[in-house]
Amino acid sequence: MLWITDEGKPEDSFRYAVSDVLVRAKTQFQDLAIVDTTAYGKALVLDGNWQSCVADEFLYHEPLVQPALLVHGSPKRVAILGGGEGGTLREVLRWSCVERAVMIDLDEDVVAACKEFLPEMHQGAFDDPRAEVQICDATSWLDTTDEKFDVVISDLSEPLEHGPSYQLFTQEYFQQVRRVLRPDGIFAIQAGSVAPHEITVFARVASTLRTVFEVVRPYASFVPSFAAPWGFLLASSEHDRDLPSPESVDRMIRTTTSGGLRMLDGESFRGLFSTSAHIRSAISAETTVYTLADPPQI
Amino acid sequence: MLWITDEGKPEDSFRYAVSDVLVRAKTQFQDLAIVDTTAYGKALVLDGNWQSCVADEFLYHEPLVQPALLVHGSPKRVAILGGGEGGTLREVLRWSCVERAVMIDLDEDVVAACKEFLPEMHQGAFDDPRAEVQICDATSWLDTTDEKFDVVISDLSEPLEHGPSYQLFTQEYFQQVRRVLRPDGIFAIQAGSVAPHEITVFARVASTLRTVFEVVRPYASFVPSFAAPWGFLLASSEHDRDLPSPESVDRMIRTTTSGGLRMLDGESFRGLFSTSAHIRSAISAETTVYTLADPPQI
Amino acid sequence: MLWITDEGKPEDSFRYAVSDVLVRAKTQFQDLAIVDTTAYGKALVLDGNWQSCVADEFLYHEPLVQPALLVHGSPKRVAILGGGEGGTLREVLRWSCVERAVMIDLDEDVVAACKEFLPEMHQGAFDDPRAEVQICDATSWLDTTDEKFDVVISDLSEPLEHGPSYQLFTQEYFQQVRRVLRPDGIFAIQAGSVAPHEITVFARVASTLRTVFEVVRPYASFVPSFAAPWGFLLASSEHDRDLPSPESVDRMIRTTTSGGLRMLDGESFRGLFSTSAHIRSAISAETTVYTLADPPQI
Amino acid sequence: MLWITDEGKPEDSFRYAVSDVLVRAKTQFQDLAIVDTTAYGKALVLDGNWQSCVADEFLYHEPLVQPALLVHGSPKRVAILGGGEGGTLREVLRWSCVERAVMIDLDEDVVAACKEFLPEMHQGAFDDPRAEVQICDATSWLDTTDEKFDVVISDLSEPLEHGPSYQLFTQEYFQQVRRVLRPDGIFAIQAGSVAPHEITVFARVASTLRTVFEVVRPYASFVPSFAAPWGFLLASSEHDRDLPSPESVDRMIRTTTSGGLRMLDGESFRGLFSTSAHIRSAISAETTVYTLADPPQI
């Protein structure tokens, strides 16, 4: 039997039965694998870390993208940091008011492999005329771009020490994100597991965001193949914007998107932001701020 | 290195690093293990199936118990089917209005081992004068008891074919549960994974409950060490009872419980019942009804 | 990380790190995989059972083939039952006196895949003009062929109940092997692990051979990637033939083979047939005879 | 299911099903576990490295001890470096001419645990009046003892870098061993795997011994639970001593030991020293010498 194990947690590891290996390569930046699994369908694995799979990626990509767009209400320009599989781009492009979606990804080979082997994830999003993929480091892009966006979505791999994305979880780069956002813009970021014994990194990302943005809202979604409840944060500069009501969410989805959502509607939107008390406690107790001088260490 | 693997999903199995084995025994009914794990603390494992662990059992036991008691509002008599670890009993006894909590468990050895080795779970609940443990088969108990209860909680192991508890997931035994409930009584049941690729059993339990109870409400909580979002169902015979508001939940917790909840409060109560659309779709599409003649087959 | 586990021993399994998957297919008869492993090089895996790998196949193929040819002394016609990888054929063709080597394998797809992806194993043997591959069931071939051979080598997968080769480990088929051997012919068979806790099948194959052949000699070789010492048996009808001396073995290798052996020479030939006492004890105590009516059950 | 994995080879690891954990402790020097396994019986595991198990320890302890005693012929005083389980001591004490057997082990807790929980291994050897256990570092003992021995047996754990025993695989300590041997004394040492892809350490230990002793003889035994053929070396200072013949070995075993050997007799003794050509090639090609300044690095 062939298996893949998630190296993210060496001690407590999940092993998935693999029925086929579609791609296995060393790119310039990382070890890339696209495998077909018995239970979870096709999956993308980078440097041994499970990224997403066909069976439950909607429980990751919908919560990562839709809340920011729904809270904004009429997004026209959206930037995505990372997002190789194209699932994040797909979710953004559901919105008919979106005129431009720029995706910044470091690794051309990952994007090309996902384009070819994971059509179930991107569903043609890369061919949408509103989409543009820029192959470059998100830090350089944030340092140099002049564009302004309604929504920025951070869909980067974990902030591993010495890894390619740890800088993008620091105060300095959250300030850069704020710089490229319009005043009423929204920033959404995936920020790791909120399992009780692993919630520290998530809480520190929240604590760091609070030093840059006026409003920071945590939420979480169950992603079974991650073997953990996954945490996201929504950050913005306006104090006075409430979350839309379930009815309003249902109406926006009906009128301004092409539909097809499997997880998100008015009810589950409300559910996402009605988090378990242990998540709120962990965040409110946390004071550590990640900076370039003192970045995440995992 | 010492490990324990969850045999529930042989293909896609989680392995946990084990630092110590506290109990390992064959009881009259099952294979019993209590182990100490590196990441999740002490855990109970029956027949190779992970039951619960200290690190995240509150994400299972609070949602299993508190919603039923909160929806009822003033529970006096509560019955628990199964519940060996004592965590379910502990949650019931937080309520000061509860006068009697009867726990029906098949396996005396499991209860005794949990009492001795898992004080973190029961927290002394077995010694509460309101608690009574009856060692017998829950089917026999349901067939013969004359008592009536405000709340019945089903905390049984999975309905495995030929396993000890599959009968208790059938229409016939849900009717017996209804028989021992007062007219305004509430039934809460843990009913398995709601991961998209595994949700069928949960949906069928819901479908079966709907043939017996007027109101059936699904909800889910992510239990990291289960590597899946876990599904529960709340069933009752009264059409017109709404869920309490977040404020009302917070008030009840403050005034009628001894406190100490880590996951559940008004906000997360609302969150629990604001489920992902995929859960509601799976349930509404399901028509299979489990009966003694046609029970779960897993 | 990608792994392959040997399903032969589900409880005590070896897992090998896989760097690449070269072939993964369902053939008409079995599940076929050729993988590249980190430590053992390329490996052939059939139905989840490890067959052989580049790093140590010489510790299997040399002992399987060379002793029979050396004991015979001047083999001209050799038949191989099974032997998909071509490693057995390669060993036979080292002998310059061999005029014809017929290999009977059930599965054309396995042979084709090995030809393409495992050149390190067959080393061109399939293209030798003396070699002929017949794709058919070894039982049918033994039932119908009119040819006579100096040496027959059984290189079949384990005699699993309901598997494709269990019949070829029975008294009836050992009689058929005897039928296709010349009077001074030699039969060599791989017959499974001789680890103390697993030696029963090996001992029973020996016991069965003893009912058909006058002389049956056990021997064993260490194959690290099998995680077990591997047992072979040499059977013949002549009482009076001694094993060649180490000097005689070295001379034959020098004069009648093309050389290139890595494991076998006069010294190690003597070592192979100087077995551990526990192997001889197990064999002499065994009386079970495998027949078509009462075949191996593993 | 409970498992233990051998950490010696993280990539290609063997996992053993564990039915019970008898001891789990941190001693002053290492992590100690004695587990009962489903297939291999009770096993000793130190720092996650499998040491030996009841099912096949005789394939390790008999070859480690008996050849040295047989080659000597009339051993009276024997020293054992390491040997916690007592299996090595047991083998030495089979010889009726042995008057004194001194075992030097670093870790009192390991010895005590083996004494209590592994009676199948030591079989009472620790209580033999000829046995003496000294708890101390083998390097200190070799540096200071004035005793002279007929046979010294090194039964130490692998020479891991920074591990407790790497010094005892260097030229300097082989000289100390020579110092405590009588002129006709024999030194036997276990020296690791002789699997083709792992044989380097073994070859270097041989190469190092050759700089200290006149005669160095390699031999190997397959220990299934080690998942590798295991290499040993016999070293002595006398040029002219031949190995005893199989008949002579059988006679010595019959007349000067208490019997009970399961693996070793005249035939298998000859087999042990008739090694695979690849082992001899690896050794003769190796020139590296381990010294305190340049010790093993694994």
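Per-chain numbering from 1; labels A, B, C and D assigned in written order.
Convention: contacts are C-beta pairs under 8 Å (C-beta built on N, C-alpha and C of every residue); 3 or more make two chains touch, one makes a residue touch a chain.
Not measured: the values here are computed from a predicted model.
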Shared touching partners of chain A and chain C are none
Please report how many Å separate the Cα centroid of chain C from that of chain D, as a whole number. 33
Whole-angstrom distance, CA centroid of chain A to CA centroid of chain D, is 55
CA centroid of chain B to CA centroid of chain D, Å: 54
Per-residue multi-chain contacts in chain D, two or more chains: 15
Chain-to-chain touches, reported pairwise for every pair that qualifies: A-B, A-C, B-D, C-D
Residue set of chain B touching chain A in the complex reads 9, 11-17, 37-40, 55-56, 58-59, 193-198, 220-222, 224, 227-229, 246, 261-265, 267-278, 280-281
Could you please specify the touching residues of chain D with respect to chain B in the complex? 1-5, 7, 15, 18-21, 24, 33, 35, 48
